[in-house]
Each structure stands twice: as C-alpha cells, then as structure tokens.
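These notes open a run of structures that come right after.
Next come two complexes, and both contain subunit A; in the first it sits with subunit B, in the second with subunit C.
Here is the complex of A and B:
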C-alpha cells in the first residue's frame, strides 16, 4: 500500500515535470521563431514570398535582398550604422563615467548631503514633466535639433542604473577606503584607484544596459533628428518599414507610377543587419545583465 | 545656548592667531552658518565635483522641463517660447474638457493595456520562473533561458517589423497557418479588436523571459529545508509549488504589482509606434496618452490639447504614485519608497 502510493506520487510529479519541459521549450521556440522567420525571409526570392508567404526555410533561395541593401541602399545604411556606433560608443563611455561618479558620491558615508542627492535622483523616476515641456526645452532652449548631443545627453543619466551601481559600490568593503584615507588619498583618488577597478562587474553590467539602450533607441532621433544623414540605425529602419505602407498606398492610388518600394525581403534583410551585432553580443551580455540585476536589485 | 554665544564670540576668535588649543577646537566644532558651508566645501569639493555632471544632466532633462508645465496656462507659440508666451489662465482647460472624448479614450486604453501587461506579464514571468526551477537538465535549462531572454535585447522597431511578417493579411505566417487548417484569414491590421491581445502577447514575448530569470533567482534563494520537510511529509511537486513557492513569492509579486499601479498612466510611445505605426484604423484600442500627445503636438502642432493631456497624465500619475506608495506601506512598511 505504502509503496504503491509512492510510485503514484512520483508518476504525477513526473508528468508535471514533463509538462514543464514542454512549456519551457514552447516558450523558447516562440522567442526564437520570429527571428528565424526574418532570417529565412531575408534569404528568399521576392516572388516566392509573394506567392508562398513568409517561411523559415525559403522555397527559393536568393541573395538579392542583401545585394540590394548593400548595393544601392548601401550608402545610407552604412551611414546609419556609423551614427549608431558613434552614439553607442560615446554615449556608453560618457554615461558610465557620469553615473559611476554620481553613484560613488552616494556611497561616501560621512558625506551628509547624500540623502538629498538620493532624493534628487529619485523624484524624476516617479514624477516627470511629460513629453511636451521636455520636448520644447530640448528644441527651443537647448537647441538639440539635429545635433549629435541630442542622441547622447538626454539618456546619459539613468537613475535606475545609478542606483544599481551604488549597490555594487556598497558591496565593496568600506575598510579599503578608510585605509586609503589614512594613507592620505583624497576622494578622487579613492574613487579612481579603489572603487572604479573593484566594481568591474557592476560597471560592465551598467555599461551593457546603456549600450543596449543607445543601440536600440529611436525615441531621441524621432524627436530631434530631421536630417537624413544623421539618422541612426533604428530610425532608419523605422522609416523604411513605415514608408512601405505609405508608399504602397501611394502606388495603389496612382497606378502606373514606378515607385521604388522597399520589398519584403529587403526589409527583413535590413532587420537582420540591424540585430546582427546584438545577437552576436548577447550570449556574453546575458551573463552580466542577469547576474548584475540580481546583485544590484537589493533595495537600499 | 551655543548658538547665542557663537554669534558674539566666533568672529573675533577666528581672527586671533595665538589661541589656546581648547578654544580653537570649539570654533571648529561649532562654526557660524557661513563658515560651516565653506568648511563643508573645502572638505568635500571633490565629491561635489564628481556629482556635478550627473546633477547638471538631471536638472537639464528632468527638473527644468517640470517648470515648463506652466505651458498649460499659456497660449503657446514657438517664437516666444514657454516663458514668453502670453498667459491665458484656464482657457486651455475649457478646450480640453470640450474635446474630452478622445483624451478619455486615450486614458482608458493606457490603463487597460497597462493592467493587461502587468497581470499577464507577471503570470508568465512567475510561471516561467517556477518551471525553470524544476528543470534539472543543465543544458536544457541553459539553452532555454538564453532563448527566452533574447527578445529583451531586440528593439521594438525590429519586433514591429517582424510582427508584420507574422500578421500580414497575405502571406503572414499566422494567416498561412489559419488557411492551411481551414479557417478564414484575419485582417489584423484593419481591425482594432485584436490589438489588446496582440500587444499583451508582444509584451510577454519581450520581457517575460528576462523577468522570469529574475524571479527564478529569487526562488533559488528560498530555504531548501522547507521543500525537504514537505517532501518527507509526502507533498507532491504541485503541492510544494502551490503551498511553498507561491506563498513565498507573494510579497514580491504584490509589491511589484502595487508599484506598477503608480506607472499605470504612462505608456511606451516607441513600442506603440513601431508595432502599430499609429495606424488610424487601430486607434480605437491602441491610442494611449503618449501617442495621443505625440500625434496632437508633433503631428498636428496642437500644443493646447497636447499639453493639457500631458499635464493631466503627470498629475494623475503623481497621485497614483502616492496612492500606491501608501498601499505598499500598508502592506509592508519595508518596501515603502518614501
């Protein structure tokens, strides 16, 4: 009787665990599938997409989409790539430095105004002026329209990332700083020699968060960039994807005009080129981002 | 008492060169207001220097725009700017309430969508976390976690572009599937009724894996002895999840849910733009406050309506933050934000 019960219990657990495996596998496939669909379509022949629809394994293989985006559209795409790389590199370096310096100040125990600075950083997280006053300030008073700075400065100081870094800094034993102070080191030196090198994991994590937000951002370019040669990659892609609809309508309305509509395959090829670097980088980034958030998420 | 004596004696004493050691100490310990500030900066100027860029950026992009909220009482024109434009008092509000129906639609959509995101997003993330926790096959766990977190790294623009390949009327993967199993095609891009579901699914796709891994690490930190004793007592896996894991996760879930109430009025403009392209056909269910402000201000140039709605969003959001903070405080004082 006892034995029978045990076997039964194990069986029900085993069923449940099998269900878990299946559900997790389904979710993983759902996450992967759209990307595979984009890759498959980008390698397909345009006519076969029109006839057979989007497929992961194209009915008829063709490289013409890539030839097109690297050929006739290559100059604009390359330009957008350069803007994005420039923004991501400059923005990430600047943001990490600014945030780390601020986060360090928040960890100095004897520095009394740090409570006020904490609050100063915290309030904008819960109350913001909204889109419009912010937009007017940036365009009319800071003159950010069509400038490189417009793509970097507004998201340079992310409160969440600063608090994350502060938590990393807090995990560094305070005795180190105390000892350095007794040896005559000033605050700048303590920051540079002790905190900055010891919080490497935290800095990499926050750096990755910033890099990801710069790479994927198109909000700022949507707001401030009008010049075509300043378009970053995401905004270039956005315009390409949404122009499609617009131009397709135009084409229907005025039959006979020969308008160069971006084809489905070229759109997908551009998408693949855009996410390429992220997909290559993310197995490395994943480790830091999940670990970093878990370490830093301790409320304080 | 100290202050009274300080006022008289601190000045002359500071000037003196040959002071007794004890008096000197007194002056340093109880300096005069002004002197205190100077002293503070002499000691900490390096820290202020380090914080300065961060302070400047936060002022520029968070605090100074708040002053721009006076725009609501102004007849805004670009030439005179926010502060130079003439005052009109409450006239903008009259206009706002006269045109309230669209603003109300935007408000309703924002709240409904955010509730859907929070409820289903949390269910999906917690569910994934619990399932990850039971998977013992190391390699399977690693691969499935890596795949689940991947959408978190992909931008909304790319997601929106791929979504079109899934939902297109002709050739879209979902419609192809529907046709092949004998159903009618669905015209997703011309019918607003599907979009609450689609947007919620997009949100789960993008962030459930990431949040799931965070919950998973929370579960991994739970006391294993609870599970062991439950197992000895004959609890099966389902009972262990139902009566140990979920109750232990409950505080975290409730806190995060309450905190999300504070954000219920704010939407994601870029997500909506990339996924629906602000298509007029779909505005019935997809027009949120952020897209409404964007459309009226940047699209049409109607600053009055845009700013009125923006202010109303900020004020309501603020009230909700206070309210949810109060709720969190009632639930658990430790998690209260301020």
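Here is the complex of A and C:
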C-alpha cells in the first residue's frame, strides 16, 4: 500500500509553529511554576521558608507540615476524604440529572410553561433573598443541619449550567426528536435515547463544573455541619488552617503556646493534599471541556 | 414490553430518590428520636447522679444539657476525654451535660456563623467572645444580661478572678459576658522585645530611650546584618518613647487617649506622630528598615532572625519568641524593656476571652456554673487544660510535663495565675516575674470601653483606606514627614475624620457617664 504523502509545510509555517510551541511551553512552565513552588515549600522547614522564601527545591527539608496535617488527625483526614468523594460523586450525578432534565424541558417546543420556567431560573441569578432567609429555610424548614443532603441539595442545580446544557440541547437537530416522536417515542425516551447521548460533550463539561464545585465547597459544611465525622475535606482543612493561623498569631500567648506552628508550609501542604485527586480528572476530561465550552458559548 | 420495563424501572428510581430525600430531610426527626432516647439515658443518669458526692450547694437537682460553641477543632484526645471523663465531672459537679460545637476560627467575630445562628434562632447556650465582638453583638440585641447569674452562680470564680474583668463587658448597667482566665495584661505592647545575646555582645545593658533603641538597632545591623523591625512607627513602644504624655491607643492606631487629661488625641496631628515618623525615616535612610516592610507578610521575622526588635507583650517573650528564635539561632536570648521606664504602666484590658449567652438561651445559670467550674481550683483547671495526671501529663517538681500534646479545653483560655500549674518549660524566676507583672499598674482611662462602629461604618472604611494609602508609608519611614503630612491630614478630613471622632467621643462620654 502506498504510503500516504505528508503535506510538506513551507519554511514560514515551520517557523511559526516552532514559535508557537515555544510560547506554549513557556506558558506551561509559567502555569506549572506556582504548583511546583507549593509542592517544594510544603516539604521545607518553616524557619528556612521565612528566611529564604519559597523555593522549588527546599534549602532545608522537613516533613513537619505533613506531620501537622496527617499526625494525630490522620484518621479524621481520611474520613474527610471519604465524605468529599461521596458528596462529589452523588452530587455530580444528581446535579447532572436534574440540570439536564430541566434544560431538556426548556428546549421542547410544545411545552408551554417553558417561558415561566425560564424566568424561574433567571430571577435567582439576579436577585437573592440573602443569607439569613436561606439559612433559616435550610435549617428550620428542610432540617438540613448535620445531614449529608446539606452538602448536596443546596447547590444541586446551577442556573448557568442549566443554560449551558439548554444550548447544547438546542444544537441537536430537532428533526431527530420529531422522527422519534413519529416512531412512537415519548419525551422521556427521546431525552434518554437521543438527547442525553448526543449531548455527551456538554454533560461531561457541566459534570466537571459540578464535580469541581462539590469538591472545592466548604461553605455548605460551614453553615450546616457540626459533627466532626461529617466534615468534608475542604472544610476540614479550612478549619485546620484557620486554627493554625490563630495559633501562630496568638498575641499575648499563654503558657504552653511555645510550639512553632509551621504556618506557611502547612498552607502549601494543604494545597498539595487537596488538589491531588481532582487534578487527575482534568487529563481525562480535557477534550470534552474545550469542545464543550466552545459549543455552549457560540450557540444562542 | 420493553417500554413497560423501562417505565417500571424509572418509577422505581424516582420512588427511591424520593425516599432517600425524605430520609435525609427526616434526619432531624431521627435525631429527635435519638435525643428522646438520650434524654431517657439522661434522666436515668440524673437519678443516679442525685446521690453525687459534690459539695456544691448550687448543684441543680435535675440534669440538663448546654451547648457551648468553641473554635478550632476537637482533638481526638479531647473527644475521648469528653466522653470518658469531663462529662462525668460536669454531671457530678453541676448536674449538667455539656455538648461542644466547634467552628473554624474564621467565624470568631462579628458577622460570622455565630451571629447567623443567633439571628435565625438556632439554639446554643454559650460561645466565647472578646470585648469588640461582644460590643457589636450587644448593639444588635443578641446578648443576654447576666447580672443576676454572676452574683449567684460564680462563687469560685470570684475567689480566683478579679471582678473588674466584667468591666469590659458592661453596657448600660448590665453585664453581658463572663470572662475566663487570669493572666497579666499590664503594659501590653508597651515593651520592646530585643535580642539579649546581641545586647551582651555589643555591651549594652539597658534600653530606656529611643536613642538607646536606635543605637542598639544600628549595631545589630552593623554586626549581625539584621533589620531593626517589620513593625510600623505607631507601635505602642515607639509612641511611648516620643513624649512625656501617657498615650494609649483607643482605635487601633489613629486615635489615642491621654491618660491624664482623658482627651482624645488624633495621632496624625500630634507631636508624637511627627517624632515617630522622623525616627523611622532616619532608620529607613540608614538601611535599618527593610524596603519590603509594607508588602512582605513574613509571619514571625524576629523569631526567624531577620529583625532585631519587635513589640513585647507582658514579659512573655521567653515563652512566645525565644523557643522559635532558638531553632534558627541556638544561642539566641531575648528580653523585654520599657522605653521611658519612669512613665506609669497601664492595664487596658483584663482578659480578652469571655463566655456570652445568646438571648435565645434559657440556661444562663448552667453556663455560669460551667464557667465557674473551669476556674474552680487547681485540680479542675489542670484537668480541663492538661488532661488526666499520669496519662496526659505528669508533675515534675510541681510543674506540668505534657505526655499528650492534643489540645483539650484551650490552655490559654483557662490559664489563671492564681490556680493553674505552669509547665516545666518555664523557670521559677520567670514565673515570679510573670505572676507579679501587673503589680503597680494603673487601669487605663478606656478600660472596658469598646467602640460600636455601626453609625460610622462609611467613615471608618474611608479612614482605613486613607491610613493604608498615605499614613502607613510614612509610618514605615518610606515617606518623610514634612512633605507628606498636609496631604494625609486633608485626606483624613475628607474621609470624615471629624464625624468619626465625634461619634467615638459621644460613645466614650456615655461610657464614662454609665461607669
């Protein structure tokens, strides 16, 4: 079989591509540098960080920050990981299902109240009742205090993501749905068999947005969770960091507070511990994200 | 057929989701069930503890539960001790079960979750506060007047604490929090902490004036390459050395009060400001002040051997700074000196920490008994701060040597010089100085006065902004006094300085009238 001939690039193209590659490589290094700095600093001795500043390769190596985080609280940290993973998985699945269902309804031409539903979605994007009514609603009426659902339900549907999905669904030719309808499919079947698979790019993108928001959320647990065994990872570390900060800044420190708190290195170690797992999601979802964001952005 | 199957599956899925939702929302009902069960246990415990051997005549006959909000995190050992030891002590002594709720330290202050909990009627019975936060909470009507309970339920507290501590929490004749802990606070931040090893090496034996301080800083820079400080020129120890007046700060840095005349002093308009800025300007020109003083967020530069001086607190540098410094400079020693030691020493606060009781709670008496217990005697103070003797700590020559390092009830909160046992890290000489640190100190003219900023929020924000933009570069020595003072004064005036001071003066007059 004849080998397919490659199109030969002209010299100016090659130069241009080389320049682009170099620029992208520089940009990648610039993006990667802070992360490497955080990793390096997390393994440094606190005193050497204060004297020498942040370094990728620490001048004086120390595991004290990780000992602080993982030490006697290691079990709690693992528990917090489990809670976060549970919340992220359940929350993402639920959010994608709810958002996709809502978005699909908004694209069905025959569905009359879709204008009202659109407004229902728009209004909270612009006006907010404020923190106190929301808090009272969640604690006094829905009884979400110390409940797993408190970490999932309050941000189960994001209006922006629904609009994004609606745009994805709108980009699917309506004729497909019409053909299915003629063949006897109902709306649920059309949604499940046609729209859901065809909007895979959008669903993955929105799913990743949701997964990230669930993974990074500490506010819901701050508001509703009092039991330490229900702390998710971010809240657990947020709590630990604010505790460390307090101890380090404790003015008129009392007897017994002569412990040297590894503040800066603890912050960096916290970053390393929290970003670890979620950062692994990106390489797998990258192709969907780029495609998804662009498609969603251009379709009106 | 297939279509029917999928419909059934979908119905099952939806039913399952609904049930899960109901189960989650119904968790409170489940909690109610469990709390009913718990109360059954409690009532049986109450019956069993009626025969308690406690000699407390105030011990109630019935068992009740209080929820106390603390900050930070509950350590594993604290959890264990709460279950196995402390709870029984609370029941035996005051027939009260104590439930602890921990929030992050970021919520410690006005506008945080505690305020939200009170505003929404969520039930808890006590929370630690400081005077500033208490003043804000009082102005919002969140706090309960505890005047009645403090007379009745704090017998041991009155033995081991000073009743003037209540002054920081008195508003309109009522008392709105119960202070806890008893530590020296006289002359806080009025001392300067220096490197005693450097003092010895350069042949200085005392620092009593700003000239002495400059000489010390110059030699420390010359011989050890250390910057003088990362603190600004409005530090209390600098202002103390700039004149014969006795000034204490009222509002962080820009408003001070003359202790003798009780007049408010606008720092910017004072000769002390001019002297402090000129001193720092000279230091900056001599290279004693780091160029990044305003932007570098070094946490502890003195301990990191980057600067030669910093503010002292209450003779506690041996505890606060020296151990950290010695990890970098093993032979490092520190000492605190009063600039102008002949001037009087003032006590501006008693204790910063207290327990408030929200208006939503009807258990103020139980909270008072709980605080009283934490300050009752050496045995209990050590138990709550250090744990069980033999397991969590051991006594060596009458001092505590910790075996367990997990935090229990905050040691800094409970520590009372009258009853607590110090740790082995502190020498007898140090403890002697520390215990007597407050002797001879006068109460400050603003002792117990807290500003409520709610009427001057806008002015405060604008003044803070001007302060950051124009005053701080001067106080850092980066800008000289003569060419920048007029701009600073007019900017402060434009930001509403007069309204701001008038409001604080009004509040202070009311404070004096009610005193």
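In this section, the second predicted complex is superposed on the first by the 216 of 300 C-alpha atoms of A that agree within 3 Å, B and C clash if a C-alpha of one lies under 4 Å from a C-alpha of the other, contacts with A are read in each partner's own complex, and residues count from 1 in each chain.
Basically, contacts are C-beta pairs under 8 Å (C-beta built on N, C-alpha and C of every residue); 3 or more make two chains touch, one makes a residue touch a chain.
Every value quoted in this text rests on a predicted model; they were computed, and no experiment measured them.
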Which superposed partner A:102 touches (first subunit B, second subunit C, both, neither): first
First, second, both or neither for A:222, with subunit B first and subunit C second: both
Partner chain in contact with A:211 - subunit B first, subunit C second, else both or neither: neither
If touched residues of subunit A are counted for subunit B and for subunit C, the larger one: B
Which superposed partner A:282 touches (first subunit B, second subunit C, both, neither): first
Subunit B versus subunit C as contact partner of A:164, first or second or both or neither: neither
Which of subunit B and subunit C A:131 touches, first, second, both or neither: both
Contacts of A:147 with subunit B and subunit C, given as first, second, both or neither: second
Partner chain(s) touched by A:237 [first = subunit B, second = subunit C, both, neither]: first
A:65 touches, of subunit B and subunit C: first, second, both or neither? neither
Subunit A positions touched by subunit B in one structure and by subunit C in the second: 50, 131-132, 135-136, 140, 142, 153, 188, 222-223, 238, 242, 245, 264
For the subunit B and subunit A complex, residues of the former touching the latter: 44, 46-51, 53-55, 57-58, 60-69, 71, 76, 78, 81-82, 127-128, 131-132, 134-135, 137, 140, 143-144, 146-151, 153-166, 168, 170-173, 175-176, 205, 208-210, 213-214, 217, 234, 236-238, 262, 269-270, 273-274, 277, 279, 290, 293-294, 297-298, 303, 306-307, 310-311, 313-314, 317-318, 321, 335, 337-338
Subunit B-touching residues of subunit A, taken from the complex the two chains share: 9, 12-13, 16-17, 20-21, 23-25, 27-32, 34-35, 37-38, 41, 49-50, 52-55, 97-99, 101-102, 104-105, 108, 111, 117, 119-124, 126-138, 140-142, 153-154, 156-157, 159, 162, 186-188, 191, 212, 215-219, 222-223, 234, 237-238, 241-242, 245, 264, 267-268, 271, 274-275, 278-279, 282-283, 285-286, 290, 293-294, 297, 299
Subunit A partner contacts - residues on subunit C that touch it in the complex: 3, 6, 10, 21, 24-29, 31, 71-77, 79, 101-108, 113, 116, 119-122, 181, 183, 185, 188, 298-301, 303-306, 313-314, 316, 319-320, 322-324, 327-328, 352, 385, 402, 405-406, 411-412, 415, 420, 422-423, 425-426
Of all residues in subunit A, those that touch subunit C in their complex: 47, 50-51, 72-73, 75-76, 131-132, 135-136, 139-140, 142-149, 153, 188-189, 222-223, 226, 228, 235, 238-240, 242-243, 245-246, 248-260, 263-264
